Structure formats: structure tokens, C-alpha cells
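Below are the C-alpha cells for one structure; questions will follow.
Chain naming follows the written order as A, B and C, and within any one chain the residues start at number 1.
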Amino acid sequence: MDEYSVGVLTNIGLFSFLALSAYLLLIAGEMSFGQQAFFGVGAYTGGVLTAIYGVPLPLAALAAMASGALVAVLVGLPTLRLRGLYFAMATLAAAEMARILFEVLHFQHEIGGELVGPDGTQGFRGIRWVFERGVEPLEYLAIIYGLLFTVLLAFLLVERSHLGATLRSVGADPELAASLGVDVNRLKLGVAAAAGALAALGGVLYAHHNTYIEPRNFDIMLGVHSLAYALIGGLGTAFGPLLGVLVDLGLLEGTRVFQGYRMILFGGLVAVLLVFRPRGLLDERVVHWIRDRAFKRA
Amino acid sequence: MKVLLLGLLGLAAVPAAAQAIRAELDCKFSGTDFVYDCVVRLARGGVPLAGVELSIGADMPSMPMAHNIKPVKAKPGKKPGDYEARLDLEMAGEWAVKLRLSGPVRDQLVLHYEFDDKGVRPAVRRSGTSPRK
Amino acid sequence: MLADLVQNTLDGLTGGAAYALLAVGFTLIFGVLRRVNLSYGAAIMFGVYFATWTSLNFQVDLIVLALLTIAGAVLAGAYVERLCFAPHYPSRGSPRTGVSSGSIAAMVASFALWMQFEEAAILALPQHLYAFPPLHTGEPLRFGQFFLRVESLYLLLAAVAVCALLYTILYRTRFGLAVRAVIDVPVAAQLAGINPSWVFVRIFALASAIGGLAGFLIAASHEQVTPMLGMWSTVKGMLAMMLGGLGSLPGAVAGGLALGLVEAHSQWYFGPQMRDLIAYLLIFVLLALRPAWMTRWTSTRSAS
């Protein structure tokens, strides 16, 4: 594969973590405008650990996920009892606060004659752990997709379990779920933590792919896109968000011939798609239909 | 899985390159919207660095995963250490230019430049939201 | 010290008046439709770009530019309403709580159109920055040692006038009665033969016109435009709306002014980064605590 195809596939894989993170909250009935913050927390935590402290990437990735989950719990505790748009706005405010904190974060050390570390709005250069170990782009791509499929497998197992059914019941009607004995608050906090960790994993992988991050990478555009991907792909299955990312980035790449008009084309397509499929391509009905067919044949 | 193995077994950090490679970018606006003819100057320790295979990409600082340009291969320029390429950007404004060096020297560099109809200049960072950012 | 405080307050009112106008339009849509229109700012930017393009190619009066901006914003707003909101209006079977799929779909669709407007603006005017004819060319007003920009008076006046106009429309006209009926007693309104979609379209047009007016005044006071105006208007309008309690028009004005004052003072004492941080922190804390005035609309269900 050429450099370009590897690059596109890498971006699709990395974005999928964030879209899955938004999807997880959506099926639990919460719409977050702030998942980009946890992506950023993961990127910065992982980057500082590998670039400044020489921590191996796998350990740094685990630490990044833990910090993503921790921040998500801290944000979730005061906000998860908010409904609908209040929650969306609170997460947006939290994410913008995180972005501004990245802008004022200066933490540089001299490594091999170069200053390395977050330098406020100037960004964070030199996250070269993957690059310096001679990992080829294709190998890194394999690692990203290996992790992505592990996550996807976990999603599919959870969705088929009792926990998955509980999750969707909370998403559909939290009062009803609570009256049936579900601890809604605890469940939502758990979901928020898992979604935070997932976004952070995407972030740490992104930072090491790009070797460079800056606060603006994690602005509101990123969060709204991941929400849009989850919805375009469909809320019926964890394959939905992946399809959403694939459709968007695939179309963007495929329509490069349209040059400046591709966002006009794509924006219109998304709006029209949502007229006919307001819960995305792979919505619950389609997923049930596919399961029924597969079941009959078996 | 190479990374995982390396990470678990090889805790020893690989020493950084003896001397870091510096890069400078100079572009001329081609007259067609957002197409620029660029020269990259590579140097190591003040000495021009020739004979490198160089590919140039560019990301927008917001949404780098979606808004980027297809990397192009640069050709050796008039002077040693110079490399030439034509960049076709989506729009004017700030871009993070990504240089990937291969061949005898492997490296990866990111530069920030502001593109407009006059050419390029290193990007100035502002902060805070404003209607005219 | 005191002099700084007074001057910052005057500056804060200037910014706040712009936010108030943006928030009124945003709130009108949210209060009536219970939907967030993410392309609200982008439609405003579209209107402003339409006027900018005209001013670059033809010699036109400021008042014509204002009308063109409003017309452009209304046109863009109508397009957004038809494509993103009309197909997703709440039906009787929609869930009572949480986020309904209709509201997410409408929001994501409006986001997709935001991308369209931004690209269209860049195609029409490819440079990053364009000059916009100034609203006022003379000196700012002086009160002893204090300054007040004349532009901010226009913005404040416009905010007051728009609120008075909306109040009249909502409480003194048959259309206003229909709007309030659709919000407060949707079933009864339908039984009385009021078509909610008919109400929504007009509300959308009204909100877009207010947005267009805001966009014109903002561009003419800054004397320049960039595509960033779209995102900026959406974010600031949304923040001011939240501060004002979501869905209340006087609240939107108060929220806009409060946001302007908080920003002006924190910028003076702590710099631009802290200015934004403090504004977001304030909103986060308010949402987390949810004071009574922020949730009032859920109980009284009033649009005003």
C-alpha cells in the first residue's frame, strides 16, 4: 500500500475510537459535545509519558486511558443527572475548558538537545516513540486496527449481554429503568468512564501517529464530527459509528476530484440521508432485520 | 505486535539522532487558488542535507484527520538540500506541513505556515475565540 | 482601579449587546422548537458574506447591505429549516425524556449544512479576511475619561428594539397566540386547527432575520469578516442562551450582557485565554448546580 492509502486508513481507524465513544453515550441516552476533550487528554498524557519520561507506549496508553476515564468521571459526576441538551452544553463547556488548559500548559524538558513537551498554543512536538522504534506506518496501522477490533468485539459481546439490554433501556427511558431497579446514575457514570477511556486510547494512538499535537486539534469540530459519525452510521450496532467514519472520510477522499465543492456535496448528502434515516444507516430496525434473516437461515 | 514486544522487553530508550534536522519552507502562490510552488530547505547542523527522499503532506490544525492533502513526493531542487514540490491546498490560512524523510535519513517533521495570495510565512499563534481568528 | 472597572463595564456592554442579539435568535428557535440549530451562526455568516461580496462588486449603501445580510440569512435559514428541521418535527409518539432521535438528527443535519455554508463562503470569497464597510467612522463617545463606541449603542438599541418587537409579536398578534399555543398546549393547538409546522417555519424565518441583523451589526463594527464568524456566532449565541436559562427571551438578553461583562472584566485582569476559560467555567458550574431560573421553562413552559 502507498503512503496515502495507509494514511487514510489510519485516520479512519483513529477517528473510529472517538465515534465509538460518542456512540456508547448515545445508546445510554446522553449526547456529549465533549468527547474530543478525552481524546486530547489521552494524547497529551500518552505523549508526555513516552516523549519526556521514556515510558513504553503500551504502558503510556494504559495510563492515558486511565486518565481519560478519571477526567470523564470528574466531568460526569456533576453533569450526568442533567438531561438532553443541558448535558450536551455542560460537556461542551468542559471540553472547551480542557482545550484552553492545553493552551496554557507549558511543560518542556530538554531531551537530546531539543526541548520536548507541551508548549501551550505552540503545540507539543517530538512524540516520536513509535517513529524512533522503526515501526513502519503499515505496522502501526495493524496495531490500530488490532486494538479497534478488540474494542469492537467487546462492544458486540456487551450488546448481546444483559448489560447491553440494560444500557439501551436506560437510554430509552431512564425513569422506567430506575423503577425496574437499575442504578441509573452508577451505570451512566460507568458508561462515561468507558467512553472517556476509549476516546483517550484514540488520542494516544493519534499523538504517536502524528508525532505532533496542538490544542486546536481538540476543538468542538472534532466532537461534533464524532457525534455525527455515530448518527450517520446508525445507532443500532457498534458497526454503525465505524460505517459513519468510513462513509465520511471515504467520501471525502473519493470526492477529491470535486476539489472545493466536496464539503457542499457531503453536507447535503448527510442532511438528506438523515431525512430518510433519522437514526442512521444501521439503525435498530435494520439490525433486527439482519439478525432475523441470519437466524432463520441458521 | 512489534511495538508491544519492544515496549515490554526493550525499556532502554533509543538515543535521539545526533543532531536534529531543521527544515524551512518557502512557497510562491501559483496564481490558481490554493496551489503553491514550494521549496523545502533541509539542513543538519547547518550543513545542507541532500539525497533524501522527501514527501510533503499538510493538515489543517482543526480536524487534521479529515482535512488534509494527499502527500506529494518532492524533487531535488537547484541547490543541494533544496527540494521542490507543488502543494494543492484546500484553502488559504494556516496549515501544518508534514515532512516525511526516507532513504538514507529517516525523520518526520511538522512545520506551521500561513498561506495566502502573497505566499507563506511562519504561523503566528493567537489564542482565544474571536470572530476574526 | 475604579476607572478600569467602569471602562471594562462599558466594553463588556458592547460585546454583550452583540451576544444578546445572537442569543435572542438562538433562543427563539430553541424555545419554540426545542431544537438546537448548529448552523445558526453559519447562516448568519452566509448573509454577511453575501453582503460583503456585493460591497466588493457594487457601490451600495450601508442600509442596503444590512437588508442584503438579513435577506441572505433568512434564505439560508429557510434552507436549513426545510432540510434539517421540517423532516424531524416532534411527532406525538416521541419519547418523553432524554434526547429524542429527532432532535439529534436535526442537530447533526444542521451541522452538515454548516459545513456547506462555510465551503460556499470560502468558494465565493477565498481570502481569509475581507473588509466590511464600517458602521460608524467618527470618534467614540466620551464621558469624561471613559469611552463608549457608537457601534455598541447601535447594538444595544437593536437588542432592545428586537425584544420589544418580539414581545409585541408574541403577545399582541394572532400569530403570537398560535406560537404560545403550540408551545404550551400542543394537542389543543392542533385541535384548534393550528399547523405547528406553519408556526415553526415563521419562527425560523424570524430568528434568521434577527441573526442577520446581528451579523450585519457585528461585521460592520469589526469592519472585517472571516469564515470564523459562523462558528463564533453559534458558540457565543449558545453560551449566552445557556446563561440566560435556555428558552427565555429576556433571559437571552441578560445572558448575552452577562457574558459580555464577564468576558471584558476577566480579559482585563487575566488575559484572553482566562477570559474564555472563566466564561466556560461559569456556564459549567451553573449547569451543574442548575439554579431555579435556568430550569424555569420546564415548569412554566413559556416562550417569553
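Quick notes
As a convention for this text, a residue touches a chain if its C-beta (ideal position, glycine included) is under 8 Å from a C-beta of that chain, and two chains touch if they have at least 3 such contacts.
Since the structure is predicted, the reported quantities are computational estimates derived from the model, not experimental observations.
Taking the mean of each chain's C-alpha atoms, the chain closest to the overall C-alpha centroid is A. With centres computed as the average of Cα coordinates, no chain lies farther from subunit A than C. By count of C-beta pairs in contact, A-C exceeds the other of the chain pairs A-C and B-C. Rounded to whole angstrom units, the spacing between the C-alpha centres of subunit A and subunit C is 30. Taking each chain's centre as the average of its CA atoms, subunit B and subunit C sit 39 Å apart. Multi-chain contact residues, meaning those touching two or more other chains, occur in subunit C at positions 122, 235, 273, 276. Taken residue by residue, subunit B touches two or more other chains at 33, 91, 127, whereas all remaining positions touch fewer. Of all residues in subunit A, those touching 2 or more other chains are 103, 221, 260, listed in ascending order.
For subunit C in complex with subunit B, the residues that touch the partner chain are 122, 126-129, 218, 222, 224-226, 228-229, 232-233, 235-236, 272-273, 275-276.
Against subunit C, the residues of subunit B that register as touching in their complex are 33-34, 91-93, 116-117, 127-133.
Taken in their complex, subunit A has these residues touching subunit C: 26, 29-31, 78-79, 82-86, 88-90, 92-94, 96-97, 100-101, 103-104, 171-175, 220-221, 224, 227-228, 231-232, 235, 260-264, 266-272, 274-275, 278-279.
Put simply, subunit C touches subunit A in their complex at residues 30, 36, 38, 83-84, 87-88, 95-99, 101-106, 108-109, 111-116, 118-120, 122-123, 231, 235, 238-239, 242, 246, 273, 276-277, 280-281, 283-284, 287-288, 290. Of all residues in subunit B, those touching subunit A in their complex are 1-4, 6-8, 10-11, 13-17, 19-20, 33, 55, 57, 59, 61-66, 68, 70-71, 90-91, 96, 98, 100, 106, 108, 110, 112, 125-127.
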